[in-house]
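Two complexes come next, and they have one chain in common, subunit A, joined by subunit B in the first and subunit C in the second.
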Partner chain A sequence: MSRFEVVRTGASAPASQPVTQKGVSHRGAEANPSAKALQDKFGAAVRRVEVIWGETVVFIDPASVHDVIRWLHDDESQRYDFLSDVTAVEYRDAEVPIEVVWHLRSLPFRRFLRVKAQIPKGQPLEIASVYDIYRSADWLERECYDMFGIRFSGHPDLRRILMWEQYKEGFPLRKDFPLRGRFSRSEQLRQALAQNPEARYSMEELSIADAFAELPEEMRARLSKGERTGE
Partner chain B sequence: MGLSAPADHRTVAYAPESQEGWVATRLDFLVNWARANSLWPMPFGTACCAIEFMATAASDFDLARFGMERMSFSPRQADVLICAGRVPFKLAPIIRRIWQQMPQPKWCISMGACASTGGMFDNYAVVQGIDTIIPVDVYVPGCPPRPEGLIYGIRMLQEKVKNERAADKGTRDEMEPDPKSQLYIPPSVIDELGEPFGNSVNQTRSGL
Partner chain C sequence: MAKRTVEVELSTTGLDAQGRPQRVPILTDDGGGGLALQAPPAMEPDLDGEHMLINIGPQHPATHGVLRLVLELDGETVVRCIPHIGYLHCGFEKIGEYRQYNQIICWTDREDYLNSIGNNVAFALGAERLFGIEITERCKVLRVIASELSRIMSHLVWLGTFCIDIGAFTPFLWAFQRREEIYRLLEKWIGARLTTSATRVGGMAADIPNGWMDGLRQFIRTFPHTLDEIDRVLTKNAIWVGRTVGLGVMSPEEAINWGLSGPMLRASGVDYDVRKDFPYLDYETYDFEVPVGTNGDVYDRYLVRFEELRQSVRILQQAADRLSDGPVNIDDPRIILPPKSKATSEMESMIHHFKVVMEGPRPPIGESYFAVESPKGEKGYYMVSDGTAKPVRWRIRPPSFVNLAAIPKMVEGHLLSDVIAINASIDIVMGEIDR
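For the complex of A and B:
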């Protein structure tokens, strides 16, 4: 498949039209065929497969997450070309490991697959980034890092995205994070007002750099002399 | 002159035999009358209150009746900041910067429960009332307030504007919190006072 081939949704799926599923049982519905293919291909790295409300969940060994998702993306019979979410789940039970979740969708085959990796408590929260497979993982992984503190190794620019970068209170969606934050209200406000929202963006990030050549001559002259915009 | 001011003791209209009419009035009254009826709003809409604000500006409720139809998306041309919606801590320096960019005279309406107190968002991410960042003239309650509620707040602000005195310079000072002032409450005391009202940081998620 060439890189820019137009993907027509469901073009590789069986000819029958998609139907809305009705009366799906909580567990035990038919699994996504990709789960079987994964078990054949990766063996023990696929820890278990669950089907919940008709959606297939594949639990993967954290060490082989990158290989599995790379294969799901590249293989001609899978073609999971759309990463719709990267997130994490922490359970109230302190013994249950934290799960990192990837939601994959195959547009040509009309398939949805949920991939999970469990990071046991006590181990460093670190897992491979899939940024080199899906560009959309960029901000999704940054959000997951911001809220849960999971470090995605291989991510080119892993920093906070929802909270500001100097945020010091920790990771808000973790169960040990107090609902109202760790600091007092006045301290929170003092720190929030101390952030400088303008200082964080480079010219490249504001994509002014790309448009620089198209600016009027006199404006380019002023900007290149160091005049700041937005003040 | 075509002024339609109420014929009370503040205005004296006198038209002798000549065709040219003239009016004698207090300067404060004239200036405040002009200001109150041409407040250009700076809409700072962050949530569902902004939807109600849009409804207020649209034809059914028609903010143009108050000379407010011109939304000033540039703070430098704005008179009244209408904060409609919750303000997260990440936006705190931004709304403060917008307020600082607005020229005097300027006013602020805090629209809705979230802008006024944080509302239901009593959590780590939301400012508990924009009056902790900028001075507020009128608080409009509601979640969100109906357009009638916002218009009532605007009428209250107009009353406030009409009763200002140009001689009283103090009302237009940019006030920084002054520790020497008797009105100053240190942040630690504010935290202590707020604690019995559930505004404390000691609450954790239930069951933990």
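For the complex of A and C:
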């Protein structure tokens, strides 16, 4: 059995022990050096840099998301190799655009960076996927799509993950989505009861071992008439 | 303080030099008076390469909750694995936008329910970053005790259920017996076993009762014996080793790229531990080591979690020794409830009580992402505030959600029975994955 070399975190960082942050100020703490490097490298694509509670937030142009994150991942002086989270924020104030948020960690430098892209009002909710850079983006982007309806272009398998595929009520974490759902309880129950057993499998799954061909004639007819399958 | 690599030594008979389980050769008479190795049995004929569709779950005891896996099998080998999640989705993040910060703490119990008090601590720390609060020394130590007790509880459940999945029943009973003791301690402290809701923004719901530390010290003293016992029956057991070594291997580069965290990542040989690399609660002042595996398989995940149990006991011991007297909660009536006796007798305290309960504490405009090392991995709470008493966005970074996303990669090419072992080694909690 092959053994791996142990990867040490903080290997590229100056020899200092990280300590618990104390007395973090609301604004004005020192920014992560990566923010300056990003401004030097990408210029106007970096819209602004904020430091909130000691965490550096870099607002970037939505069109250059992929380039910026690719550079942060690949560049020897940055090496943000760990994608903690992909999510989005919609504000209660309808004037504020929806933000897509990436939380990146550089394990060799022990750095943390929040990258944000604001999708302007009135534009389709679409942004580049970072799936080809981080495989962890797979489910995180799917969840973000499921909850906010943000389409990550370039994601190979962008479908709902927590809600089922036939879910018709919209995107639950949007502010215009009521807390109790769009449909009434009776309508939700009616839809749940109307589901067919074969609809538990997606067409891709039904293609395994010719499962589709073995379904009863009537089920096949329903499915080929376009009844959605899969969860 | 130095991080340490736990050397994985496999010295069980029945293993070859590389640590792989070895078949005992069957010797036959070679006809000339000597003995010869029997030829390996011929493989079964390929049934026209016909694949099979197998559905596991969502109601299946070995999926650790309502996880559903659709598998494509070639004989008994997994060709493709398609996981389905969401059966337990309750919309925690949506509900959080309609609740005050102290009310959300009750929701964090129910999300990773094996680590409820650890989630309470994590959420309170995140909210305090957002409020700009510095908590008291006693509160910090109490929270370290809470987090480590909860890590032990979670790992014991993992250990017990993992044993059952693989077919060992006794360690399950030993593990759950000790877990029950921690539950009793928590019940004495908080009044609840599972849904603890132990923290408040700026402090704890309750200080520990008199004599509680004696119970904790007794647990610290006796718990390592149980660990030794389980160690003795499992770690060098040839069946255990045979069922776990070489399964679901993730290399360090893959593990980082797939976003694995916690014991999953450390078993792959990356020594990333939030407590060491981005410390909180003064973890850098505790003397403990981070176990790191070198093979990245199911067996290494077992060893890493097992060693973490021992290290948690060390941390508990140090925390018990340094617990000082003093206030638990910060002194700020806008955030912390006044004592009940004052709230019913003094006008000013009653107003504070009313304001905190009815309106809730308000953080300034801002946002924070606070990550802690939960038993499952890096658990982060991302909160965005617009200055009102309820967050605009409350995001949970669920470690087992991201860890589970790697299951198709880990199980492909392995046997159907190994899917159960690999799934158990991820240590998933569906409450956290579906939220």
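Observations
Following the convention adopted for this analysis, the second predicted complex is superposed on the first by the 185 of 231 C-alpha atoms of A that agree within 3 Å, B and C clash if a C-alpha of one lies under 4 Å from a C-alpha of the other, contacts with A are read in each partner's own complex, and residues count from 1 in each chain.
The criterion applied here is as follows: a residue touches a chain if its C-beta (ideal position, glycine included) is under 8 Å from a C-beta of that chain, and two chains touch if they have at least 3 such contacts.
Just so we're clear, the structure is a prediction, and the values are computed from it rather than from any experiment.
Of the two partner chains placed by the overlay, subunit B and subunit C both lie in contact with A:172.
Of the two partner chains placed by superposition, only subunit B is touched by A:187; subunit C is not.
In the superposition on chain A, A:153 makes contact with neither subunit B nor subunit C. Between subunit B and subunit C, C contacts the larger number of subunit A residues. When the shared chain is aligned, subunit B and subunit C each come close enough to touch A:164. Of the two partner chains, subunit C is the only one touched by A:52; subunit B is not.
Looking at the shared chain after the overlay, A:92 reaches both subunit B and subunit C. Contacts of A:17 after superposition on the shared chain: subunit C is touched, whereas subunit B is not.
Once the two complexes are laid over each other on the shared chain, residue contacts for A:77 go to neither subunit B nor subunit C. On subunit A, the patch touched by subunit B and the patch touched by subunit C overlap at residues 92, 162-164, 172, 177, 179.
Of all the residues in subunit A, the ones that touch subunit C in their complex are 1-10, 17-26, 52-53, 55, 57, 81-85, 87, 89-93, 101, 103, 107, 110, 112, 114, 134-140, 143, 147, 160-164, 172-173, 177, 179, 201-202, 204-205, 208-209, 211, 231. Within the complex formed with subunit A, the subunit B residues making contact are 89-90, 92-94, 96, 122-125, 127-128, 132-133, 187-188, 190-191, 194, 199-205, 207-208.
Listed in rising order, the residues of subunit A touching subunit B in the complex are 92, 162-164, 169, 172, 175-197.
Listing the residues of subunit C that touch subunit A in their complex gives 1, 3, 5, 18-20, 50-53, 70, 72, 80, 82, 84-86, 89, 91, 93-95, 98, 129-130, 132, 134, 245-246, 251-252, 256-260, 268-272, 276-284, 292, 294-297, 364, 366-369, 371, 378, 380, 382, 384, 386, 392-393, 395, 397, 401-402, 404-406, 434-435.
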